[in-house]
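Each of the two complexes below includes chain A, the first together with chain B, the second together with chain C.
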Partner chain A sequence: MSDTVTIKVNGREVEADPTKPLIAACHDSGEEVPHYCYHPGLSPVGSCRICQVSVKVGEMPARVVVACRTPITPGMEVDTEAPKAHDARKECLEFLLKNHPLDCPICDKAGECTLQDYSFDEGQGEGRSVEPRRKLDKRKDLGDVIVLDQERCILCSRCVRFMEEVPGTPQLCVSQRGSHSVIETWQDRPLAGNYQGNLADVCPVGALTLKEFRFQARVWNLHKVASTCPGCSRGCSTTVEVLRKGEVKRVRPRENAAVNGWWMCDEGRFGFDAVNREGRLAGALLRSTSRGWDAVDTADALETARDMLAVHGEVLLVGSPFLTVEEGKVLVGLGKTLGTRPVFVSPEPNEWADDLLHTGDPSPNRKGLEDLGFDALPAEEILARISEGSEAVVLVGERIADSLGRDAVAGLGEHLRVILMDTHPVDSRAIDVAIGVPNYVERAGTWVNIDGHAGRIAPARQAPAGTWNLERSLDHLHTLLHTEPEGATP
Partner chain B sequence: MVIVQRKSLSLAERLYLPEVLRGLSITFKKIFQPAITRQYPEEPLPTTEVTRGQPRLVVKDDGNIACVSCGLCEAACPAYAITIDGQETDRFIEREPERFDIDMLRCILCGFCEEACPKDAIFMSNELELADYSRSGLVYDMEKLKRPASALKGRMDYIKRINDRWQTSSST
Partner chain C sequence: MSQFPTYLLDHAAREDSHTLKVYREHGGYTALEKALKLMTPEAVIDEVKASGLRGRGGAGFPTGLKWSFMPDPEKDKRPRYVAINADESEPGTCKDRVLMREDPHGLVEGTLIAAYAMRCEAAYIYVRGEYRLPYDRVQAAIDEARAAGLVGQNILGSDFSCELHMHKGAGAYICGEETGLMESLEGKRGHPRPKPPFPAGFGLWGCPTTVNNVETVFNAPFILNRGSSWFRSMGTEKSPGNFLCGISGHVEKPGVYELPLGLPAQKILDEVAGGIWKGRKLKAWIPGGSSTGFLKPEHTSTPMDHDSLKGIGSMFGTGAMILLDETASVTRSARILMDFYEHESCGQCSQCREGTQWLSQIFLRIEQGQGRTEDIQLLEDLANGMAPGKTICALSDAAAIPTHSVIRNFKDELEEYVREGGHPEYRGTQVPQEAGA
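Moving on to the complex of A and B:
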């Protein structure tokens, strides 16, 4: 935005970036201009013709142009609501709907479909065409992630451009010509790559849909909360979508120019199985000598934990990679009281690293925790340190047992006092106290990504009844250690 | 302040007995007239296609449920009585309900679901009776709601007639 030019949009003077198309200036100034093929993250092609607006330059009479392919020139006067522009858009919609099957009741896109929205706003109620609609493949399998419904496609070619421009792996094309045009992969090969899920997001209609989300929920029933992806240290901004305040049904990228643009990878998008897993640890459990576990209040469990920590000298605090900055801070304070420096499990880099978004480091708050004074150690090293000389160990945070390895946690020595604060219990005699914690769709906090950008997570649903927030649990434990000085370690 | 003037009684009323006899004469007259009381459970209420009873799901003649679980009735329901989960099916219509619950205790029989349905899959039947021993028993699932199209035919034809009439009168 170095050199801006002044143009008039609907009578108001606005500053516009001349490197962007006219539609971007209209959107930036708050005017609604319909668009299908235009996407701010992709090159404009002007294939759908729905973004027609009336433009007047100098002494020339106003004319209707497509806003996504019109460069900005100084002194332009744009009228998005001109009757001629409305007429042009209406006619354009009629053509787009000519072959559209109107199966909105079945279509997963219904409710967030711009074709629906603009038809409602500008379209005419009835079609005039007497020709039969095109009959095409309604269930074309495009690999593991995407199903294509060719009848619903309006050939905006966003998906083709996305594959070419964003991950740089062109795999889709518009084949055939004229009214026979369809979206296809080369020789019907399945799509590959880690960014296929974005195709369902860029598709303005219900042509490309996610297999995972297919018929799972109606979008207006989803409770949408702005969050951050826990998949890697990139920390893409996401929207977590929860059905009836229960199950997470879908995760979608949220626009954030500083971190992820408009996209996210499939690893992050579909990596929410753990938050929907059954068998949550609600409240707290104490190991009883006679019959396995006793369910107790979190406060009681924390008192037992305090007693264990107070009599054992060598305590190790192990944080999960999913700890937020806020939780980390409380844990560091607890460590100071106990005379130990907390560590967090630093998972092995995985094979998904690429030069677009995925960093390959599955620890969303590495920078935040390291800045707080945590030591990042791989799981084996932490387990070695536990077995070397610790008398008590506190395993803290969402999926800490998964991060260390559930078998390894279950196999910790019986002489060792183990306090587990996790979302799911580990059924082993090694665990003395298990305290439930909320996962990342149930709590608020901050993760700091690899570049130092803060990503907020926010609760989209409630944690199981009786579960305390982790900060509260740790704070309570800290207070307990202080309030009875005879029990507190130096 | 309103002063209410009490009606002064006539001689016959003050004598008491003539009025009692007048009342009894009505009683005895009614004994010989036909009864208008309905013996309800044995003798059910008459219903027509206009009766807006409990909503029911249409099972088409081929044995498949007409519902595609689009969720519009769920969205239209002002009492939040309807809960639907969809699933994929191999039929031409790709989507069908996996779960379709109507909480009959919440249902206010308004008929919005019938009006919202784009697939003619839910209709207000002529079934009016609703009793059970538990609240959970009154949350009707899909099996309890399914009715063959023939059982709902009168209502379906009526709704079609009404819609056609609106279509012709409102389209300008």
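Moving on to the complex of A and C:
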């Protein structure tokens, strides 16, 4: 941060960064200043004209100015609540609403729409226009991710600037002019790239919406929890949004200057299918020689696991790339008792790596696990080790079977003694014990990203009934291993 | 008009006035030579400052002062540009066309003097696309001047070099706004830029730039050759010099006339324009291009200069008078103007994009007999929401000023239209709402 200057915001002295526009200083000091075209992650254009505040510099009389294009100068006094500023914003809203369809009841943005919010705060109750509203395309398909409603659009141009300035792939433009202006892609080509989902976030109204989220939920019914994206070793800060504590409906980026700014990629944003997948492993299962699987309590399953591990000398502990630091620590401790060093499945780099966020390494806690002493091994090498030497194998953590390949896990040799601790069961004759674990929207923990930043995950809903936290399960197993098994025979 | 001293159009009246040969035969490029050989750039700016010349593009800002805003070339090593605004698009305004068509070398010389004064390495002349002959004439003049060593490297053997480039606009009024013009020159949409930063600090391609109107720089050679006190002998103290007055509308002799600033509009109407046509009476008039609003007949006693017109809530603008006779409808005229502003709004600012459309819709309703009493208040509120200074550029103001002027000066006509069912043409008829408007 460059040298700050002192200004007064609503009577309070605050330190402001003079390289930023005045609106940033207002927001940083906790004052609400309405804005549409301004976004802290995009260049300011000063076109929506809603962010009007009263500013007094020196002996000059106070003036109402747009805060997003006003440079900060030492000693300036800002009044965000001046009656003249409120009047100016009210006037501006009347223009913005002139052609807005006011279809809030069927708009996905309702509830988190700043046009709605500021109209409620500052606008007038009734419109004065008797003219028919502009008729435009309400369902313009912009590709696989985004639908555009041109009637709702207030032409703030955030989407245009986002595409130009953030991924650096200009694809949207304002075409036509004046009251005929519309957002379009060149010759109606579909949008491309891995960052389209952000358009729905930067859009202050319901003009750009996610196809995936369209008509899926009213946003006020969503339970929102701060989390971290599991998609790659960037670990973008996110908000996981769960409908009525059940299905995850949406994942959105959460501002974090050190990691992802305001953005996330589409791979990460839409990569939550696995957490909604049916057929969860709740509680635990034991292989029964006659009937397939028996459902048991996790505690009972862990006793069986202890028995298996106690009689087999050579044990391989295989962690999933989604293990948290906290889970990793417990697993390392368990390994010490068993005389083995745990490994984790190191997935192959994928094709999504870019210069912006995606690292191409689908391993959100690589650094955290390596720092704990885990060996990072590719799935093939781990599977080779299993088939070559080990007799007992513990496969640990969310989506461990996915990470190794479900078919490969299903095909493990029957002679092996395999304990699976995963979110979903795998039907394999090699697996003797299967213990359910919570996924990343059901547990708390820490992932350390590629640059060493810790990203927290937190439960947004409960794991299926009977499912223990993985740390608890591993801890319990560890304790059992130190205890003489009842009626054990050599 | 012989009662006033003239200079702006003197050369234009000569045969083949657009050629270098004829221009030089009558003293052409002597002012440039004087500047390059005898004057420092600062001395040129000082002389223009002393003349009191004000910009002829609409705002009337003192030209010498504007030129002095360019950063010190010793401290700021970026390239420097001057851009000539020849995108003359204000309804009623057609003066620069005459200068470019008949006296293109005068523009080239004036541009070079401006470039020398501000030490610019290049000048861009942004010509309205419809001005084909003026464009060709100025281009031909530049080519002739370049061949004669007057444009390009080491002009007239001095160490001053300046390139002149022409650019043809594509028919957008907004590109006549100086920052919209710069965006357009850079190859972008003509979206005006928020200020600050101002062009002198951050202009074309982010470099120091000054944008001047054609007629403004056209005055410069005369000021250098004849002196600032000569210039001040014409016009008024605060608005010296002559200006080109484009007179259009219901007059006997419309045209572009050279007149000293400060003449009462009535005198211009009677003695220059031959009075209102067909023996009719004046109903309304616009003093300086469509953005300056509708004035009443009694306002014609006002002198045509910057400060006097400002005093009656109008502007000198580009000095383009539009006169309407007693048969004209101010409401309809205002609606036509609002259609223009709606069409020409770039659409960036909410107030302007929506407001220009809304104003035109309301004026249309009143004109067609669907006006409501509350519409007059609504017009006023909307105009208050659009100006002054509430948007990035002044196009919003340009729509708000005429709206205010109609309410202030012709409210009785609006009220009559609301009461009686619109423009007389529409009374007693059922006007269908414009389909899908």
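To be clear about the criterion, the second predicted complex is superposed on the first by the 484 of 490 C-alpha atoms of A that agree within 3 Å, B and C clash if a C-alpha of one lies under 4 Å from a C-alpha of the other, contacts with A are read in each partner's own complex, and residues count from 1 in each chain.
Simple rule for what comes next: a residue touches a chain if its C-beta (ideal position, glycine included) is under 8 Å from a C-beta of that chain, and two chains touch if they have at least 3 such contacts.
Predicted model, so just to flag it, every value in this text is computed and none were measured.
Peer 1: Clash or fit: what happens to chain B and chain C when chain A is overlaid?
Peer 2: After superposition on chain A, chain B vs chain C: fit, no clash.
Peer 1: In the superposed arrangement, does chain B or chain C reach more residues of chain A?
Peer 2: Looking at chain B versus chain C, the one contacting more residues of chain A is C.
Peer 1: First (chain B), second (chain C), both or neither: which does A:R456 touch?
Peer 2: Neither chain B nor chain C is touched by A:R456.
Peer 1: Students often get this wrong, so check: with C-alpha centres, what angle lies at chain A between chain B and chain C, to the nearest 10 degrees?
Peer 2: The vertex angle at chain A equals 90 degrees.
Peer 1: Which partner does A:I106 reach: the first (chain B), the second (chain C), both, or neither?
Peer 2: first
Peer 1: In the overlay, answer first, second, both or neither for which of chain B and chain C A:R287 touches.
Peer 2: So A:R287 meets neither chain B nor chain C here.
Peer 1: Considering only touches as defined above, state whether A:F95 meets chain B (first), chain C (second), both or neither.
Peer 2: In the superposition, A:F95 touches chain C alone.
Peer 1: Who does A:H223 touch here: chain B (first), chain C (second), both, or neither?
Peer 2: neither
Peer 1: Using only CA atoms and the superposition described at the top, report the least gap between chain B and chain C in Å.
Peer 2: Least C-alpha distance after superposition: 16 Å.
Peer 1: Please write out, lowest number first, the residues of chain A touched by both chain B and chain C across the two complexes.
Peer 2: Chain A residues touching both partners: none found.
Peer 1: Where on chain A is chain B touching in the complex?
Peer 2: 104-106, 110, 138-139, 214-218, 220-221, 244
Peer 1: In their complex, what parts of chain B are in touch with chain A?
Peer 2: Of all residues in chain B, those touching chain A are 68-72, 74-75, 83-88, 93-95, 118-119.
Peer 1: Using the touch definition up top, name the residues of chain C that touch chain A in the complex.
Peer 2: It is residues 172, 174, 189, 194, 196, 342-358, 361, 365, 372, 374, 378, 381-382, 384-385, 390-392, 433, 436-437 of chain C that touch chain A.
Peer 1: Across the complex, what residues on chain A touch chain C?
Peer 2: Touch list, chain A to chain C: 45-50, 66, 69, 71, 88, 91-92, 94-96, 98-99, 128-132, 135, 154-155, 157, 174, 176-181.
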